[in-house]
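Next come two complexes built around chain A: one with chain B, the other with chain C.
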Partner chain A sequence: MAEQKNVQFRVFRYKQGDQAPHYDTFNVPINERTTVLEALQAIRRDQDSTLILRHSCHHASCGTCGMRVNGREVLACVTNVMELDTPVVTVEPLENAPLVADLVVDMGPFYDTFTQAHMPLIRQSEFLPESEVAEGVPYHMRFENCIECGLCVSACPVVSTDPEYLGPAALAAAWRVVEEPRGEDPEQVFAWVDTEHGCWRCHVAMECSEVCPSNVNPGHNIMALRHQLTKRKLSALFG
Partner chain B sequence: MANYHVVIVGGGATGSALAHDLTLRGVRVTLVERGEVTSGTTGRHHGLLHSGARYAVKDQESAKECIEENMILRHIAPGSFELNDGLFVAITEEDLAYYDDFMEGCAVCGIPTRTLTREEALRLEPNLNPEVKLAVQVPDGTMDAMRLPLRFLATAKHNGAVIKPFTEVLSFLMEGKTVTGVHVRDHVTGKEYDIGADIVVNAAGPWSEKIARMAGVDVPVQPSPGVLVAVWGRLNNMVINRLHRSGDGDIIVPQRGLSVIGTSSWVVDDPDKLDVPEEHIQLMYEKGAEMIPLVKHSKMRAAWSAARPLIGSRGATTGRELSRTFKCFDHADEGVEGFVTITGGKATTARGMAETTADVVVKKLGLDAPCRTREVVLLPHTAYYV
Partner chain C sequence: MRRRGLVAWLNPRGRRVGYWAFVLHRLTGLGLVLYLIIHLWVLNMLSQGPERWNDFVELAKSPLFLVLDVILLFGILFHGLNGIRVAFVGMGIGADQHERLFWAVSLIGALLLLLGAWGFFTV
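And now, the complex of A and B:
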């Protein structure tokens, strides 16, 4: 932990009522382990207590600290500042979500769509398949990969041009319900995604899978929905 | 019923559960939180739904609270937990010597146990250290540290509570020695304003001492951080605990696609200044590997610190000697009316902490309104946003 240095942060600022957003610059001392989230907390603590951002778990499990760092969607809590290796680190809020203030966006519209997939939080765990299940435990279970961070929605080039597009997070969740229904109805999911603003609207830019921090691979899931729908349509035609 | 207004300071697990409890009892609630909800200690904890077994020998009051709340949470928050149970594993002869005290403590506290042979334990968790002597199965589980409290907030909000994140308390409104509200800054607009209250509840966790000072009272809270390390992959499906007196790096909580090793314990004065000491990260790797050797070769996803709000004894040095139970202070006892602090405790016991606090609050208001949070099933976490 020898190396220490100062890095310049250029941070997007906006408060409701402002004419327009602007950027503030802060110098922050960092070491080899400092994350963008820790640097922003240090700014808030030592330089400007009015800076707001969303954060909670600090280990890429809650999905609240999604933002754009040097133009790329990331979780601030697992983004190492030194590894960015740029003289200035630019931090901005996510795209394709209404701006609240500073680095905070309103996740309401994201959840309006996402919840329509009806994906339960708990799935079967595929880890350690050779292990026995303990007495009294029905099956090995775990939380879903998707942490609802919105990085994929921010990065998707289609979402910004088609506000009705269901978007990569909701479509990925829909595929999970098809793959593992857990009491939900896959037929409703198929009907929901099989529209011009559903899985057929994707341009296969695959930005969503590029930025996903949690191994969801939304682009793959959207292709899987298309594949299943095509198969079903063909078998309906030809029996 | 008179329309009393209570302001809660702090949007962590405790404040969230209290907003839910008081709203169900017919009290008008406004919750203010300096940052995003759950951005303090709550979101950063281990994610362990405690069976209480960890405290069954040394801190039986906490242990009993944990097992009772564990069972209530399963009922009111279905679908929010990885319910794979937990194992306490004896690796050394010294661990084995702790077994009798452990079993007796669990029995006294009402924590169900099942003792497994080495072979049985290895069939359940093949990555365990093959040196394992025996294991004890207990009803531990994994919670999502943010999404469980969001269910309390979502339900409170849909029942009429006003939740105000990014709203920082700058000072207290006082009439003589009576608290009458808070003066806040809304960081979304940059504007300052007053919120009047019949009672203000301080639920600021490790920041509660700082908040209490604004009303001229002292609460003996000792911020006690711990380091946690998340590694890629699930090395275990059950929660793995070391069968010994609580120490460093002796719990591995599997969660989502990660395994979280924790924790260490020291004390600080300022909960906003938490380091992640390199030697603590290494300690988590070393101690974790004593239970699951694969830890040693697992790639780190994140390392972070979270500050527990332990109830003092200012002379504490490591925090381990302090109880994990909670305490509700009615500051009328110190001559300040209209002001209550709830602190200490754990995420697992947040609902119980809220019940105790709401009992104090409604009594102060002269209301006869029983607690309903043991039965009311919570809305899903997504309802907080929708």
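And now, the complex of A and C:
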């Protein structure tokens, strides 16, 4: 028999027109396989149908259910409640994005910046020595790692203080265009990031890489951009 | 939501080593700027004659002041050594080992701090 228990969820609530946000508390029966997303869906189904949240794939490939659980950015669909091991689970929306309601934020500004990197979504995949590439296919391909969930932007302390900062997601995408152009112009990317609010604005907190659920490692990518730009500037200075 | 205000960057829940290094770096930097202002003001006492300066030196030898000196030394060491780490990582050198680099400079800093504290209280 699966272990079952009741866990208290403290959920951020806000609707347009409210004077201020508040938290509602719910007791939710969970077992060892229950995810935070499933618990929130149970709250919405059984206790409060006005709870607003966003979700889609339920398996960490779409990035839709990004939120903060106990202060930390996660994908709720793959966050196991029992493994959190806290008597109360606090659920809040992502930071650094305009709040729509409850656990839903407006991702528009995120995409406005992210798409300026012009990162193609298809990349070259790692070579699998035991497989052969099919006729007519130049190489193995797959989707880029980034699922555009916004967790890195929420976790970044610099985004909190500088609204013009390009942010870790866009900068990570910019580096991917440099690494693998796929018809895009890396020089345009370098010009875009080599600014006060571009890659130089990062203060190396590296929380972006800590919270990324998809192996993008934005911190590494930002430093890679800075490395290339530093080499260029030194070459220009000293020949 | 976008956090606002002078401490919008201070959001410690659920954060890891790199974030805490960033926070401490900011706080020690602000502390060192404040110390510099105080230090210049103290040095100004030199222009007010030997009595004024000697009074200050007596205060500076007191145990409480020596403790403050140790705190100052911590600030200098942390900001300096972590600053070297940030400079290298910030140029793309060792970015994936940033956490190990942090513990390495922290170890060096801790040893220097102990040495310095011992010197303050014994010399």
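Brief remarks on what is shown
Going forward, the second predicted complex is superposed on the first by the 235 of 239 C-alpha atoms of A that agree within 3 Å, B and C clash if a C-alpha of one lies under 4 Å from a C-alpha of the other, contacts with A are read in each partner's own complex, and residues count from 1 in each chain.
Throughout what follows, a residue touches a chain if its C-beta (ideal position, glycine included) is under 8 Å from a C-beta of that chain, and two chains touch if they have at least 3 such contacts.
Note that the coordinates shown come from a computational prediction; the quantities given were computed from them, not determined experimentally.
After superposition onto chain A, the modelled positions of chain B and chain C are compatible, with room for both. By the touch criterion stated above, A:80 is placed in contact with neither chain B nor chain C.
In the superposed pair of complexes, A:104 makes contact with chain B only, with no contact to chain C. Once chain A of one complex is fitted onto chain A of the other, the partner contacts of A:140 are limited to chain B, with no touch recorded for chain C. In the superposition on chain A, A:188 makes contact with neither chain B nor chain C. Once the two complexes are overlaid on the shared chain, A:130 sits against chain B while remaining clear of chain C.
Between the C-alpha centres of chain B and chain C, as viewed from that of chain A after superposition on chain A, lies an angle of 170 degrees, to the nearest 10. Ranking chain B and chain C by residues of chain A touched puts B first.
When the two structures are aligned on the shared chain, A:116 is found in touch with neither chain B nor chain C.
Of all Cα pairs spanning chain B and chain C in the superposition, the closest are 15 Å apart. The touching residues of chain A, counted against chain B in their complex, run 1, 15-17, 33, 35, 41, 45, 49-50, 52-62, 64, 77-78, 100-102, 104, 107-108, 110-112, 114-115, 120-122, 125, 127-128, 130-137, 140-145, 147, 214-215. Chain A contributes residues 68, 70-73, 93, 95-99, 105, 155, 157-158, 160-161, 163, 202-207, 210, 217, 219-220, 223-224, 226-228, 230 to its touches with chain C in the complex.
Of all residues in chain C, only 1-3, 8-16, 18-19, 21-23, 25, 86, 89-93, 95-96, 98-99 touch chain A in the complex they form. Interface of chain B with chain A (complex): residues 35-39, 42-44, 47, 79-85, 114, 123-127, 137, 142, 144-147, 166, 168, 185, 187-190, 228, 230, 233-234, 236-238, 254-258, 260, 272-273, 276, 278, 301-304, 306, 380-382, 385-386.
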